[in-house]
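Note that the chains are named A, B, C, D and E in the order they appear, and that numbering of residues resets to 1 at the start of each chain.
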Amino acid sequence: MGKKKRTAKVTNKKQSRRAKKMGKAPGSVIYMGNREGEKSSVHILEYQEHQIDEFEFDVYKQEDFEKIIEFKNSPSISWIDVIGLSDEKLIEKLGTSFGLNLLSIEDAVNTNQRPKIDEYDNYIFGVFNMLYLDHNNELVAEHVAIVLMENTVIVLQELKDDVFDGIYNRIKSKTGRIREKGADYLFFALLDAIIDNYFVILENINSKIEILEEDVYLHPTPEIAQDIQLLKKEVLRIRRWIYPVKEMISKLIDTEHPLITKDTKLFLRDAMDHSIEINETLQVYREMSMSLMEMYISNVSNKMNEVMKVLTIMASIFIPLTFIAGVYGMNFDYIPELHLKYGYFYVWGLMILIFVGLLFYFKRKNWL
Amino acid sequence: MGKKKRTAKVTNKKQSRRAKKMGKAPGSVIYMGNREGEKSSVHILEYQEHQIDEFEFDVYKQEDFEKIIEFKNSPSISWIDVIGLSDEKLIEKLGTSFGLNLLSIEDAVNTNQRPKIDEYDNYIFGVFNMLYLDHNNELVAEHVAIVLMENTVIVLQELKDDVFDGIYNRIKSKTGRIREKGADYLFFALLDAIIDNYFVILENINSKIEILEEDVYLHPTPEIAQDIQLLKKEVLRIRRWIYPVKEMISKLIDTEHPLITKDTKLFLRDAMDHSIEINETLQVYREMSMSLMEMYISNVSNKMNEVMKVLTIMASIFIPLTFIAGVYGMNFDYIPELHLKYGYFYVWGLMILIFVGLLFYFKRKNWL
Amino acid sequence: MGKKKRTAKVTNKKQSRRAKKMGKAPGSVIYMGNREGEKSSVHILEYQEHQIDEFEFDVYKQEDFEKIIEFKNSPSISWIDVIGLSDEKLIEKLGTSFGLNLLSIEDAVNTNQRPKIDEYDNYIFGVFNMLYLDHNNELVAEHVAIVLMENTVIVLQELKDDVFDGIYNRIKSKTGRIREKGADYLFFALLDAIIDNYFVILENINSKIEILEEDVYLHPTPEIAQDIQLLKKEVLRIRRWIYPVKEMISKLIDTEHPLITKDTKLFLRDAMDHSIEINETLQVYREMSMSLMEMYISNVSNKMNEVMKVLTIMASIFIPLTFIAGVYGMNFDYIPELHLKYGYFYVWGLMILIFVGLLFYFKRKNWL
Amino acid sequence: MGKKKRTAKVTNKKQSRRAKKMGKAPGSVIYMGNREGEKSSVHILEYQEHQIDEFEFDVYKQEDFEKIIEFKNSPSISWIDVIGLSDEKLIEKLGTSFGLNLLSIEDAVNTNQRPKIDEYDNYIFGVFNMLYLDHNNELVAEHVAIVLMENTVIVLQELKDDVFDGIYNRIKSKTGRIREKGADYLFFALLDAIIDNYFVILENINSKIEILEEDVYLHPTPEIAQDIQLLKKEVLRIRRWIYPVKEMISKLIDTEHPLITKDTKLFLRDAMDHSIEINETLQVYREMSMSLMEMYISNVSNKMNEVMKVLTIMASIFIPLTFIAGVYGMNFDYIPELHLKYGYFYVWGLMILIFVGLLFYFKRKNWL
Amino acid sequence: MGKKKRTAKVTNKKQSRRAKKMGKAPGSVIYMGNREGEKSSVHILEYQEHQIDEFEFDVYKQEDFEKIIEFKNSPSISWIDVIGLSDEKLIEKLGTSFGLNLLSIEDAVNTNQRPKIDEYDNYIFGVFNMLYLDHNNELVAEHVAIVLMENTVIVLQELKDDVFDGIYNRIKSKTGRIREKGADYLFFALLDAIIDNYFVILENINSKIEILEEDVYLHPTPEIAQDIQLLKKEVLRIRRWIYPVKEMISKLIDTEHPLITKDTKLFLRDAMDHSIEINETLQVYREMSMSLMEMYISNVSNKMNEVMKVLTIMASIFIPLTFIAGVYGMNFDYIPELHLKYGYFYVWGLMILIFVGLLFYFKRKNWL
């Protein structure tokens, strides 16, 4: 019951958030997440091949705010990381200052937004779902928007987490090509990091399937059936988040937008391969989870079969024997067998004979 | 039984309405809804960036009728809202006066019309299903036709309801861009409001699924199975109403019709995202409702398993014991055990032994 | 058994008819229907906007035959209705006189022909399945071929039936546009009448589904399962007949054949909508009929569950009681309880206690 | 067991044949059928509109061999029929003499080759599966390769059978157009004869489905389930053989190869219709065979239901009665009822009452 | 349990390997296989039409290494076979020396890489899964990368195995065309050898299906159900490995890359046919394995049916008889039948009558 109410509450919350948008004009910047009231912060990494600087700004100071906007025009590559999306007004002001369309800013703070790539004249805008496992091994889906401008990449996310840490380290330590390349390569690298994390999620699902496969076989309880259904739902959910990515990358590869260089498209082709692999794997997991349910049902039938066999054997053996005992429990005046000297033992002999005969019969039927 | 008859009646009504069209020429304006005899009324909102006027006309007065037609030529944006479609003649006269093709007028009053977009030289014509929940939380599908002309949007609907209230308020209060933009933006805004309402319907289905999921697990009665089937049917029905919308918007985005500006197409791209998301969600719901049925069947099997176990345990334990009691109820002249001093207690000992042994056996099989 | 034989006979008949074509050259005009030996007759309706004439000819008289052929060159619109296709020679002679390709004539009399549209230089040839319900509400599929030539439409059909009566009346009474338009509009109107009738068939299937839904729920007998299978088969069959129509109309809309005017294409777009709707509805019916079977199986399981519960309750209650009775039916010399003054009543007390306890247990398990 | 071994043998044989190709270069002419050691023979039919000649050659004589090759250059149409493909060397020699690519010759003798059409500069090469029923009504799939060259059609097949007899007769008797047309029409006619035979196979499957439908209903034994599985496998197999044909014909219709005239393409369009119909029919049969299995499972459940009802009725009626009899079989010193004058009859009355009551209960539940 | 832990370990291993790549830049050459620490070796076959040389190099000697690189410029065809991919540094050095892109080298050592073809300006790069059966008839999937350069084919694989032995022998013995053709033909031949081996895998699956079909019918134990699930998983896995090959070949056929000659494309068309056939066969196997599970479930039901019948027959016959015996075991003072002279025998007669009657009834129901 408790669970039901909880579910209902979650739904209501979501509904009320969705309701906030109902009737509003498109392009209305409305935060849809559940971290209302948190302040935003901005971290900036500015780098060239031989130089790197790191900044942290208090975006609520006008002075700092203006400094942030200026990075837009810097000739070095700037990675502007905006953490916290709940302050709709601030994000709108920031976005407009960077020249973003209101529709893009709306999508950036709409944490329910389906993954997508939109191309505008002066920037490319992408919304993704960053999937990772939290400390309890629970799946977390975090909404992230990435904007590619000339020499600048703006990342808008809710939490400061570590999916992008590898890229941060590579830039800092100058490993890999990233320092030598443009903003579009950084954009690709961030996208690649998100996709790489999808593989972790897939492996997590894979081990869940393996555990369930064994459970289904060893003890097909109704709880297992529910776990299988939960798994199926999870695969469906993940598929919805991940599925659009393939098409999005394909769009980036085919684009003629000047911000994406031919060199980066080569790397995007690689990311494309990964997203195809992920989609295929999800498809396989879907079929496996359906097989699991089938296996479960067949095992439930088998268990019932076993139960029925025990009943049938016990009843089939003892009901006839009880009948015989009943016959000689009758009170007729004249039942000749009753007066035989060894009548009682003869009857035992008969009953043992029937017993052994039936055992033999069931043995031959492979029921024992 | 009562239900059956009701269904039959509904079908007959629909059939007879469909029959009205049988053998009629295409382009015959025949009302297909079930609100025959209601009068139509016309509300008009005329606005520019800095001015707004609202009118209500008695369409049955020739004087008013002529005034309505004149709005067509007004340089301001006119939102002409026609409520009530059952007066076929009036609608036909109104439609022709606005220069609509007879086929369009036919589709406007044909409440069974599949959603579609048709482009004509001087207007764009769309038919939609407006879905909302009524006071009893029952799904209502209302047929609505929207015509986009130069500076004019005509909405033909059956009821004065509130799906478009948000837009009305935005125009009145000058929030959002709507007052600065053309008729095509109003057309988009109406379409967007309809699509936004689809999300409410989806969430309603989602909570139904969640309730059924729990019910299936806790008490899989045949009524639950029927509820699942009703849910599946509802998803199928909604899919038929919603599914064409994606293709319709895609048609509007790709059109070269001069009435749709490039600026509005940017917003349509956003509506496109929503309609894709809706279709994907419906697909997920469809798979979930199929899983529900599977879960139900597996739970019915489980329940039967449990019933069988009780039977098997009771029968397997007491049938052999009854047999033993029967043996010593036999009336043979000579049954040595009967004359043992503690014979009766020995037998009780044996029976308790068998009882415990079988309990232990069933315990080991995890049946208890 | 009787049914089997009948089926076998039908198959043999069909096979032998199919066998008639085996090894024949393509373009061999061979009648495939089952109305051999019937005579053909020809009815002609010739009309212009302000004039209409009706003729009936005895096609077996050379004089009449020649008159028929002359209608081909009349400037008025001629609707030539050929009833009865079994006289292969006559049809071939008639077809060739009208300039039809032998392949078309073959398809016209081949009642097994899949619906299709073929374009030739001087005519457009379509084969359709006219579906209607006969007096016993049984589905009838009648093969009909329609040829569109300049100013002439030839209809070749097996029976004089009334699907086209609405059009006939509209022409006669000058309602609708039909008298003002060309032969291509007549061609469209005939096609539209055929498609309109498909809706009647769909509604018939719909009511069958509704009746079965209730039957499945109330009394899931094996006969119901068979009815569901028959329904599924019927939906499959109808889908095969109807499915190609959408593609055929699409072909007509995209054609550049001079016989189809741009104006008629507008109407064809309408027919296209209908054929899409029909295909979608059939798809929904298919899924519903599959759900029905699922529902049926789940209800059979439920019924079995109920049966099992009755057995389990009866057996679980009375088997232990019988055991107790058996114990005190034993003939041991010394059974102390037997000699208690109220022993018999104590035992009844014990038995009632067990009885009530078990009833309570089953109640708590919701089995009662 | 015997069956298993047989199956294994067949597989081994096939595997060893497949193994023959393993590691061989593509274009190695290796016979894959199971008629090794049979001699080839060549029959030739040479015809023009007003002349016809028939030849039989001993292809192993160099003299005859050379004569055969000369037909290639004859201005008349030559239908060269090569029977027996196991002599790889001979076929290679013959093929090369006719100017065939080694890859084509390989495909001609590879009886496992998937149906396909290959276009080369000077010929069109097709591989088909000729399906027919043998004397035991068993399905036979015979590999046949047909080569279309200028004025020449070469047919390479394993057996002299009668699928092409109709065409042979039409050429001989000058019925149909075939004598007036070119080699491409002969090519089409052969292809058409193969497709026509597919309909016979489909009808055979149809009658199998009809017989199984009845069997499933009347006596759903496990053997029937196996027959259904065999049917499903057969449909799958046939689909693999037939499915590519549609695409092949479509390729021929779209080709710009000079060997296919526009006139023949008209006939190919007809064959296309047939192949679409065949594929659709196979699809329907597949769904029907799946329905059969579903029906079977539901009928097995029904039968079990019936068995359970009998058990439940018998047990529920007699177990309580036996309990009552047991009660009055107890040996308590004081059981007042036993000493009533009509006690025995009262008990019978009670038992009959219970009996009738339970019968009535089961009747009301529709179990009787 | 042991199995579960093993599975978990394997997963962890894989995960940790995958983790090695996490956060690394794309193009990082990281070995993903499980043969770490093994040394690489290089074998080279250099051939022209009339000359052939074979070399084996110690790639860790700088002198040998340089010799290997020089083969790149040799005018003869060089087949450079690199065995062992775990030495990431060496492979990277080798790859770069041959002018390969880092992304290609990464894919070459990434043993999890999905099969693909990438075209670069100066080479074509393909990754494949070489499938074969090891000595225990277990399926082995070996990652192999093949690079086509001008006059050079580089094969990078983990093990020296014999899938390519046939090609090696053909080159050595000068059978087939291979010596006369270019490097692209060698590339094709290697690809063709890989595809040819897929057929062996398919036949292995086919015999597994055949064995399971019989097992399912004869003894549908839960182990069989698990075997069917394993088979399904295997088919899914193989499909993922094999499926992309068709598209890859199609890409090679459509390419305009100068390294692929028109002549080789003819052979690729042949390989295309094979890969289509393989995909279709896998599809059929998938459907068959699903049918197997269905068959299994239906057979489990049948077995249960049989069990139930035995129980029903035994219980239905002996419970009424026991009741009769119980009646005459009652201790009423006055039971007239008990004092009949032949009462006992009359009762036996009655019981035998009931016994025979019930037997007859079950016989008629076909339960015996």
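Here are a few things to note about the model shown:
Please note the rule applied: a contact is a pair of C-beta atoms (placed from the backbone, for glycine too) under 8 Å apart; a residue touches a chain by one contact, two chains touch by 3 or more.
The structure displayed is predicted, hence computed values, not measured ones.
Rounded to the nearest 5, the angle that brings the Cα atoms of chain C onto chain E is 145°. Judged by shared residue numbers over all numbers used at their interface, chain B and chain C contact each other through mostly different positions, with under half in common. Work out the mean CA point of chain A and of chain B, and you get 27 Å between them. Centroid to centroid, with C-alpha atoms defining each point, chain B and chain D lie 43 Å apart. For chain A, the set of residues that touch two or more other chains comprises 297, 301, 304, 308, 311, 315, 319, 322, 326, 329-331, 335. Contact residues of chain B toward chain C in the complex are 3-4, 7-8, 11, 14-15, 18, 21-28, 101, 103, 113-114, 116, 118, 219, 222, 225-226, 229, 232-233, 236-237, 240, 243, 293, 296-297, 300-301, 303-304, 307-308, 310-311, 314-315, 318-319, 321-322, 325-326, 328-331, 335, 337-344, 347.
Listed in rising order, the residues of chain E touching chain D in the complex are 165-167, 169-170, 175-178, 189, 192-193, 196-197, 199-200, 203, 206-207, 210-211, 213-214, 217, 266-267, 269-271, 273, 276-277, 280-281, 284, 287-288, 291, 294-295, 297-299, 301-302, 304-305, 308-309, 311-312, 315-316, 319-320, 322-323, 326-327, 329-336, 366-367.
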